[in-house]
Structure formats: structure tokens, C-alpha cells
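Each of the next two complexes has chain A plus one other chain: chain B in the first, chain C in the second.
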Partner chain A sequence: MEVIRKYKMPRELPILLFLIAMCAVLATTKSTFLSSDNLRAMGTDAAGIGILAVGMTAVIITGGIDLSVAAMLALSALVGGGLISGGQTAAGCGATLATGVACGAFNGGLITLGRMPPIIATLGALYIIQSTATLYSGGQVVYIDNRLSLLGGGFVPLVVTLMVFVAGHVVMRFTRLGRHVYAIGGNEESARLAGISPARIKMAVYMGAGLLAGLAALVTMGINNTFQANDVSDYMLGAIAAVVIGGTSIMGGEGSVPGTMIGVGISTVLRNGAILVGLDARWTQAVIGAAIVIAAIADRLRRR
Partner chain B sequence: MRLLYTVKESPVIVLCVGLFVCFALWVPNFVDGFGILDDVKQYASYAILAVGLTLIIGSAGIDISVGSVLGFSTVLFGCAMARGAGLLQASLLALFAGTVWGAINGFFVAKIKLQPIVVTLSSMAAARGLAYVIAGQGISSIPLPASASGLVNMTYGSYAPLLLALIVAVGGWLLLAKTPLGRYILAVGSNEEAARFSGIDVAATKYSIYVITGFLAGLAGIVTAGMMNTAITDAGLGYEFEAITAVLIGGTSISGGEATVLGSILGVVAVSLLNRGLGLLGINDLELWRMLCLGVILIVSVLLDQLRKRAARISARAQAA
Partner chain C sequence: MIKKLTTMCAVLLALIVALGGCGKPEEKSSKPGKDKRTIVFVFKLVGIPYSNACRKGAEQAAKDLGVNVEFTGPAKGGDVSGQIRIIENQISRGVDAIVISPNDPNSVKPVIEKAMAKGIKVFTWDSDAPDTQRIFYVAAADDVGIGSDIMDQLAKDMGGKGKVGIMSGSQGALNLNQHVDGVLEALKKYPDIKLAKPLLYNNDQPQLAQSGMAGLLQAHPDLGGIACVSSPGPPGAARAVIAAGKTGKVKIWGLSLPSENRQYLKDGVVNGLILWDPGKLTYLTAKLVNDYLDDIQPVDGSVIEDIGKLSVSDDGVVIMPGVVITKENVDEFDF
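The block that comes next holds the complex of A and B.
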């Protein structure tokens, strides 16, 4: 008994069990669930939101929020996609990532230099970036002529997403930057007194979220081979939902990248499962809404 | 000069006057009393939502489900009318539905003590999803039957929505400025712990403002259905962010404890003036330019508000010395 009591239950365990249970039920009732076609479809479905969610996890752990992630994805895809469709693939990829980082720096600048609450700064940025994206593209669809098919075919999107999760976990868990992110999220004032510069950490986190939005843009373009400004309008809520389902506290200071990975898994399997069992697609939004609340309640109970 | 930094609505007043003067100078036909009233009327449901959000943001909460709850009530109203319910019955049903959503939000925020953004994020998804479910497969709008013509005439044909928004605004102002509940809201918003220790029932205070906001979203849903003469499943999509923007432009602090219904209403007026001015300029992509301007205005007005507060602090210190 003593041994069991000493063992601290990882915070991700309940939601991991839930995800496994969901998969087990689907795998036994629907033979198509584990088919490679379906797994590939789920991996592709999870990629864009998954990559965004890693950046969102770090942002939320600092106690902030980033409402502009999907808009950043759209703008970087359209800026880079223009170059890629013109034949300059390498320059286009660079421009995509650079646009993401620039948008992130804009958010970080408003939050650190302008001392604005993150929810307001990124709401303003959402409006500005989203409308710039559509104005820039003139509402046109960008075709990239299979130049990014390397990123979008087969299980590549899933592998890229998993690599981003691993990298995100390593940064958050094993580097000084990651530790500082948790520190300023836990108590910004005491972190500052301990010699950490909250402004620099936040700037890095928001720029990182921008960089990941750029990467998500490349993967999304690779998958679809086309891009239009409103393709990703529901990615922002999807990413926040995955982070919250994954047990990261919206108050900051607590949470983890693996938790978010499970959160992305749960929302992806929910969407996929709804299709497989023939549940009307209109129900999925309601179900994901309920999943968020259940996760939040479970987190509260666990803390007690 | 001192008024500029002691009155918390001053940035939004400057903004409204500035927008009006600029558009009046540069946009032909902008100054036209009824034209302006017509355009402001389009924002009546935003104004109704903004009043509820002012209370919630004043309590340091947030409600991003208002747009979806509006949509849910609109669809329920439309379905009820289409199935032969009377105007009064359908309206009461829509108001009741909005209030129930508010009560659900309030229950999870006040009693279970979950974070408002998490709770309302999920009710945002759930209310919209259920709106699609009750509308039926593949149906994106339900035309209102002839029995709703009374409502349509009133909302579409007259300035009744403006009057209604005005009544709601005055009610919100009275609630916030003249009642104990209003003081409790601001006390909870500025320091929840201190509010609890001074004997305020924090849970009941929070619960009641989410219920009020849900009720107002239901009301705005009926107005929206009437003004469009049809119940659209996407009604209210994105309204939450625009209404929150108007509230923040108006000088209500996102960290709570400071709220002004007058400022929020002026914020909605500023947004509608912007919309009218840009519309009359005849530019393409009106929606996009409006969003762009809205983003810039939001950021600038919050930065201005911080300057105002700093100036007020310095002036108070100078007086004390």
C-alpha cells in the first residue's frame, strides 16, 4: 500500500485512459477504425490543429492566450503559398515560416512592450491578421502544384506533428526556457524577482507560437495542395479545446505538451468516431463542447 | 483637460466624435439622420449583447458563448413559429432557452468554479451544434411564417430595436450604478477574495449575471430573427468577439472591477459609424477593411486607456502632494 500511495498519478493518466477506451470501443465495433486508410485520415485531420496546439500550450502555460493562431496560419500560408505557386518553393517555405514568426512578434510586442492583456492583444491581432490575409490574397485560392506533396502525403503529416510534439515536450520539460515558461505562469512577480525576464520569455513563446503556425501552414498546404483564407477558421477553437481537454490550466503555470497531444487525440477520434458510427456530423460540435467541460471538471476533482 | 483622463469613457467619446467628423468631411451623404439611425439599428442586437457582456467583464469574467446562444434562440424561435406556435409563445420559448444557457454557464462558473473562458468556450460549441441539430439536416435558414409579421414589421420596419436596445442599456446602467448587485459585480471583479470577506455572496452574484446575459442573448436572438425575417442557423456567428470589442473600446477593463454600460453602447455606436462610413465609401471587401479597422481601434483604444490611467495616477499623486 505504501508503495502505491507514494506513486504520484500523472495528471495525464485519466484522459489517456479515456482516449484508449474510446479507441478500444471503436476498434471492436468498427473494423474500419484501425484500417490504414482511416488512421492516415485521422493523422491528416489532427496535423494542423495539433501543431498549433503545441504553441498554444506554451502560451496558455504562461497564463496568456492566443486567439490569432488560425489567422497567423492563414496569412503565412497565403504569403508563402504565393511564392511556392510561382515556383520558388524554398523561398516560399522560408517566407511562410518568417511570416508566422513576424505575426508572433507582433503579438509578443503588444503584450510585453504595450503591456496589453493577451486576450485583447491577440483579439486585435486576429482581426488585423485575418483581414490582411484575405485582402492580400484577394479571396483567391492559392494552388501550389504539388510542390509540397512531400509534406502532405501518407503518414507524413502525422509524423511531422508527432515530431513537433516531441520537440515541444523537450523544450518545455528539459530546457531553461521551458522551466521559465512554467515559472512566469505560476507567479510572474516571483519569477521576475528570481531574475527571470518575463518580457523576454513571453516574446519567445508568442514568436514560437507564430513559427508553429507557419509550420502548420506548410503542412496544411501540403495536405490540401490549395489554400484559401477561411479554410482554417475553426482551428483556433480546436487548438484551445485540445489544450484544455489535455489538462493545461487556463490560469497558467500548469500543464504539459503530452496532455495536449492526448487532447488532440481525443478531439480527432471524437470527430472520426462520429463519422464511423454514422452519428450526424452536426452533433460533433455539441459533443466536443461537452468533452471540454468534462475535462475541466475532472481536472478540478483531481486537484482536490 | 482633466476630464480627458478622469472620465473613463473619454477615449471612446473621442473615437466616436473623430469617426463622425472624419466621415462627415470626406464621405458624401454620410450626414443623414435617418440613414445613420438605420445603420445603427443594424447593431441593436450587438448593443443588447454588449450590455450583458459589460456586467460579465466587469466581474472579471468572460462569455464567448453569447453569439451561439443568440443563434440557438433564433433557430428555436424560427422552428416554433414554423410549427404553428404563436408569436408570444415562440418569443417566450426563445427567451427561456437563452436564460437556460445562461444558467448553465452560471452554474459551471459560480458553483463548480470552472474558468469562465473554458465554460463558455464549450457552451459556444454546444449551443451552435444544437442549433444545427434542431434546425434539421442541411437546413441553414427557416423562413418566418406570416404569423410573425407583427415582429417583422416592428423590427425590420420601425426603430423599435433601437428603442429596445436603449431600454436594455438604461436597465444595465441602473443595475450597475444604482443597485447593490451592481456594486457586488464590481467588487467581485476588482477583488473576489475581498468581496467574499466583506460578506458578498460571490457565487450568487456571478450566477445572476450569466443568467441575465443569457436572457439578453435570447432577446437579441428574437430581434435578429425579426430583422432578417428568417431564422438562420449561423445567426450571431462571431458576434461575441465584436460585442467584446465594443465593450473593451468603451473603457470596461478586461481585468474586471471597472465597467461602463454607456461606454459599451458608445463602443457599439463607434463600430456602426465605422461600418456606415466604410460602406458609403464604396470600397470592395468592406467586411475585411472593417475587421482591419476594428483590430487597430481595439489595440489603440486599450493602449490609450492605459495612458489615461497613468495620467490619472500622476495627477492624483500631484494632488496628494
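The block that comes next holds the complex of A and C.
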């Protein structure tokens, strides 16, 4: 008994098994599931939300949340996309990333200097940034004339997303910044007493989330070749859902980037699988909701 | 203590000034002048090209008719409660008429009743709320007819045989569901065309339009065409078809804007679009509503300059004729 209690099941294991089971069922019943066309389509589908979800994972591990990620993506895409459509591709890419970082710094500033709860700060930021995006673009579509097709074609979106996951995992698991993120999420007061500056860490994490929103904007523009302000309004909830399904605790201090990757995998495979088996699309969201609830229950059982 | 009180007073004062400041431009418009009539359009969402085109029509109507015509709506797609809040605000402002394109036909029923009870005339355009007290509905072609037109064109390009998919936008929008009904209705005329399941919903997100279509191409490798009934559909389906290297093998017809499909039409990925000019639709609606407030009812068969012949049915549905857009005429349209 003592031995069993000592063994701590990795938090990602149940959802990983769930994902594998889903893939196994689909692969055996639908021959096209593992075709390269389908894998490429799923990779493209997962890219935007996947990249956002890496930043969201770090944010949630600090005990915070970022409701503005999709809005940051939209504003970055419209600011940078304007330049790219005018032929200044390099400057436009830089502006896209810079806008993301600036938005992230705005969030970080509200939370650290303004001492606002993250949910309130980023809720405000969501509305401010989204409406800036709508006003900035005048509601018009930005056309980028295939100038980012390198980022959006073939397996590139999937590869970029996987690279972001690897980088995110390395930062969170093997760097001092990563350890400090876990520390302040676990117990901010004792982290402070241990000499960590929560404000600096949080600032870095929210700016990182902004940077990734900028990167997601580039990939999304590469895929769609056009962008308009409302294109990604589903992405914020999609990213949070992936992080939560991936076993990251919404209370902070616990969670992992690989878990989030599995979470993104589950929602992507679900969407794709539903179409392959001919399931009415209206069920897909209910199944994703059920996955969130099951993940929460599994987390609870594990903690006992 | 006194210091604290002073600070609190100062903060309060600042807040009042700030709130007052914010409120001011609202207040100006919140009491519409007695002599100038105010008509407010409440769309499903603002910030997309379609709603911008509607807004332009409303602005033009304001100039031509000499009345206040405003255009508003929630900032987020499918925001049912946000749209109701906006309508509530317009009711308390006491405008003369509210014209709604509802995100959900049933949930606007109480708020329409409330407005009518206060003497505010309520109409719908673009999307209807038929079981409510709305006075009339101005539709761009009829909603079922658009769907069957799309299917008829598609069937022609498919040579009357093969497998066809359907892509809609959000699941709760009445006009989209009626477009889908129209597609299904027309499909019965073509015994050799089979429906490829499931029905796709893109939730007005281009990414979902593309990935949904990619999935459908996997589920049905022999897919011959897709009927898209909302605007992100055709360009999203086109991207998936290009990625799968099936340009020309899968025909795409749908309801979408020329500006979003220009290149796809020219490249032969999208075969054609059926639509109307949303600016003209909104302009026409403003004109008909303004006439109604002057006690002039819309008349069946009347011809409106630049728009064409209206059809008006007994249940208060006014229909504006639609247009077919292919690569031949796409450059005539700048929206």
C-alpha cells in the first residue's frame, strides 16, 4: 500500500491515454485518418490555438489567466499585415511580433504596477485591444498576397507549432525563469521571501504570451492569406480549454507544456474525427466540454 | 481623517467628471431631436466587411432621406445577449425605429415586444425573427431561395451527379438554417447527387471553414462540390481544396463577398457566388422603414431604382433580388 501511494502518476498520463485511444479508434476505422493530407490539415488547424496555448500555460501556472490572447493575435495581425500587404514583409513581421509584445507588456503592467487581478486586467485588455483592432482595420480585410505562404503551407504550421512547444517546455522545465514561474504560482509570498521578484516574472510571462500571440498571428496570416478583426474570436477559449484539458491547475503552480500539447491534440483530433465519422458538428463542443470536466475530475482524484 | 475624506472626495469627483465626460457624446445622441427622426440598425456583429458594407448603405440613406440613421451591433460573432443589451439601450433612448438582424430569432422576441409597447417601430432585415411583432422583414432574395439557387448552380457545374457537402456558419442563425433548407430542398431535384455528411459549421471562423472542408475531403475523397451558405465558407473551402490539390475537381458555390474570393474565382477554385449588395439591402431597408413611419407601406411588384423589383408577401417579407457573380463579372463589384 505504501509503495502504491508513493508512486505518483504523471498528471499527463490519463489524457495522453485518452488521446492515443481516440487516435487508435480513428486510425483503425477510417483509413484516411493517418493520411498525410489529413495530418497536414490537422496540423494547420492546431497551429494558431496551439501557439497561443503555450503562452497561456505559463500564464496559468503563475496563477493568472490571459483573456486577451485572441485579441492580441488580431491586433498584431492587422498592424503587421498592413505593412506586409504593402510589400514590406520583413518590417511587417517585426511589427506583428512587436505589437504582440507591446500588448503583453500592457497586460503585465496592469497586473504588476496596477496590482489588478489578471482576470480583470486581461478582460479589460481584451475589449480595449479587440476594439483597437476593429477600429484600426476599419473592419476591412487585410490581403497579404501570398507573402507569408512560406509560413502557412504544407506541414510548416505544424512544425512551427511543435518547435514552440519544445521551446516552451525547455524554458519552463530547464531554466531559472521557468522554475520561478512555478514558484510564484505555487506560493507567491514564499517565492518573494526566497528572493524572487514576482512582478518581474509576471511581466516576462505576459510579454511572452504577447510575443506568441504575434507569432500565432504570422502563422494564421500565412495559412489564411487574409485577415480580419473577427477571424480568431474562438481562439481564446480554445487555448484555455487546451491548457485545462492538459492538466494545468487553474490555481497555478502546477502543469506542463507537454500536457497542453496533448490538450491541443485532443480538441484538434476531436474536431477532425467528428467530420471523418460523420458526427453532427453540434456534438463536438459538448465532447470538448466533457473532456474539460473529466480532466478536472482526474486532477482531483490524483491529488487525493 | 480629514485627509482621507478629502482624498475620497477628490477621487469621487474625478470619477464623476470622468463618467460625465464619457457619457457626454452618448447623451447628445441619447435624446434624439424631436424634429429629426432616428432609425437604428442593430446588426449581428460589427467589424466584418459585410457589416461595413451595410453601414455604408445606412450612411447613404441618412444623407438621402434627411433622417438620423445609426448602425451598431455587438463586437463579437454570435453574441445573442450582447445584441439584446444594445436593443434595450436603444429602447431607453427612445428612438423612432429599430431594425434588427437577430443573432437568434427567438431570444429577441421579448425585447421586440417591449419596444413595440413603447411605440418604437421594430423591423428586421438580413435575418428574420418571424414569430415576433416585427412589422416587416427585408430580405436579400428569400433565404430559402438563396440556398436553392446555390444548389442549382452547383448541380449545373457538377453535371448533375456526384457527392455534395454543405457548409454553414453558426448553428443558431435562422437565415443560415433557411439557406441550408433551400440547398436540401433543391437537392431533391437531382437524384444522382448524394449528400456528403456531416453538415459543416464554421462558426464564422476562417480556420474552421478550412479545417472542416479538409476533413470532409478526407471523409469523402470523391466529393464533387460544396455549397457554402455563409461568407467565410467559399474562401475557406478554396484553401482546403488547393491544399489537397483538388482544384477544379471540387466545385465551390456559395454566399460570400467578391472581395474575399476575387483571386479564387479567377483561379477557378471558387466557381461562383450568389449574393446581394449588403449596402443596397440596408439602404433599401432604411428607405422602406422611413416610408412606413410616413404611413407608406411597401408595395408588391414596385420597382426601386438601382435595386430592381420588390416582392412583398402577406407575412411581411419584402424581398430584394439577388445577383450571380462569377469570374467574368467579379471585377464589377468593389465590396
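In the analysis below, the second predicted complex is superposed on the first by the 296 of 304 C-alpha atoms of A that agree within 3 Å, B and C clash if a C-alpha of one lies under 4 Å from a C-alpha of the other, contacts with A are read in each partner's own complex, and residues count from 1 in each chain.
The rule we apply is simple: a contact is a pair of C-beta atoms (placed from the backbone, for glycine too) under 8 Å apart; a residue touches a chain by one contact, two chains touch by 3 or more.
Please read these numbers as outputs of a predicted model, since none were measured by experiment.
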| item | value |
| --- | --- |
| Combined model on chain A where chain B meets chain C, clash or fit | clash |
| Touching partner for A:Leu110 - first (chain B), second (chain C), both, neither | first |
| Partner chain(s) touched by A:Lys202 [first = chain B, second = chain C, both, neither] | neither |
| Which superposed partner A:Val232 touches (first chain B, second chain C, both, neither) | second |
| Which superposed partner A:Asp280 touches (first chain B, second chain C, both, neither) | both |
| Which of chain B and chain C A:His180 touches, first, second, both or neither | neither |
| Touching partner for A:Thr134 - first (chain B), second (chain C), both, neither | both |
| Touching partner for A:Ser35 - first (chain B), second (chain C), both, neither | second |
| Which of chain B and chain C A:Leu123 touches, first, second, both or neither | first |
| Superposed model, chain C segment overlapping chain B, candidates 76-84, 184-192, 238-246 or 292-300 | 76-84 |
| Shared contact residues on chain A - chain B and chain C | 127, 130-131, 134, 139, 280, 282 |
| Chain C partner contacts - residues on chain A that touch it in the complex | 30, 32-33, 35, 37-38, 40-42, 44-45, 48, 127, 130-131, 134, 137-141, 153, 220, 223-226, 228-234, 271-272, 274-282 |
| Residue ranges of chain A touching chain B (in the complex, touch as defined) | 65, 110, 114-117, 119-121, 123-128, 130-132, 134-135, 139, 237, 240-241, 244, 250-251, 280, 282-293, 296-297, 300 |
| Interface residues, chain C side, partner chain A - complex | 45-49, 51-52, 75-77, 171, 197-201, 203-208, 210-212, 214-219, 221, 235, 239-240, 243-244, 259-260 |
| Chain B to chain A touching residues, read off their complex | 62, 108, 112-115, 117-119, 121-130, 132-133, 137, 241, 244-245, 248, 254-255, 285, 288-289, 291-292, 294-296, 298-299, 302-303, 306 |
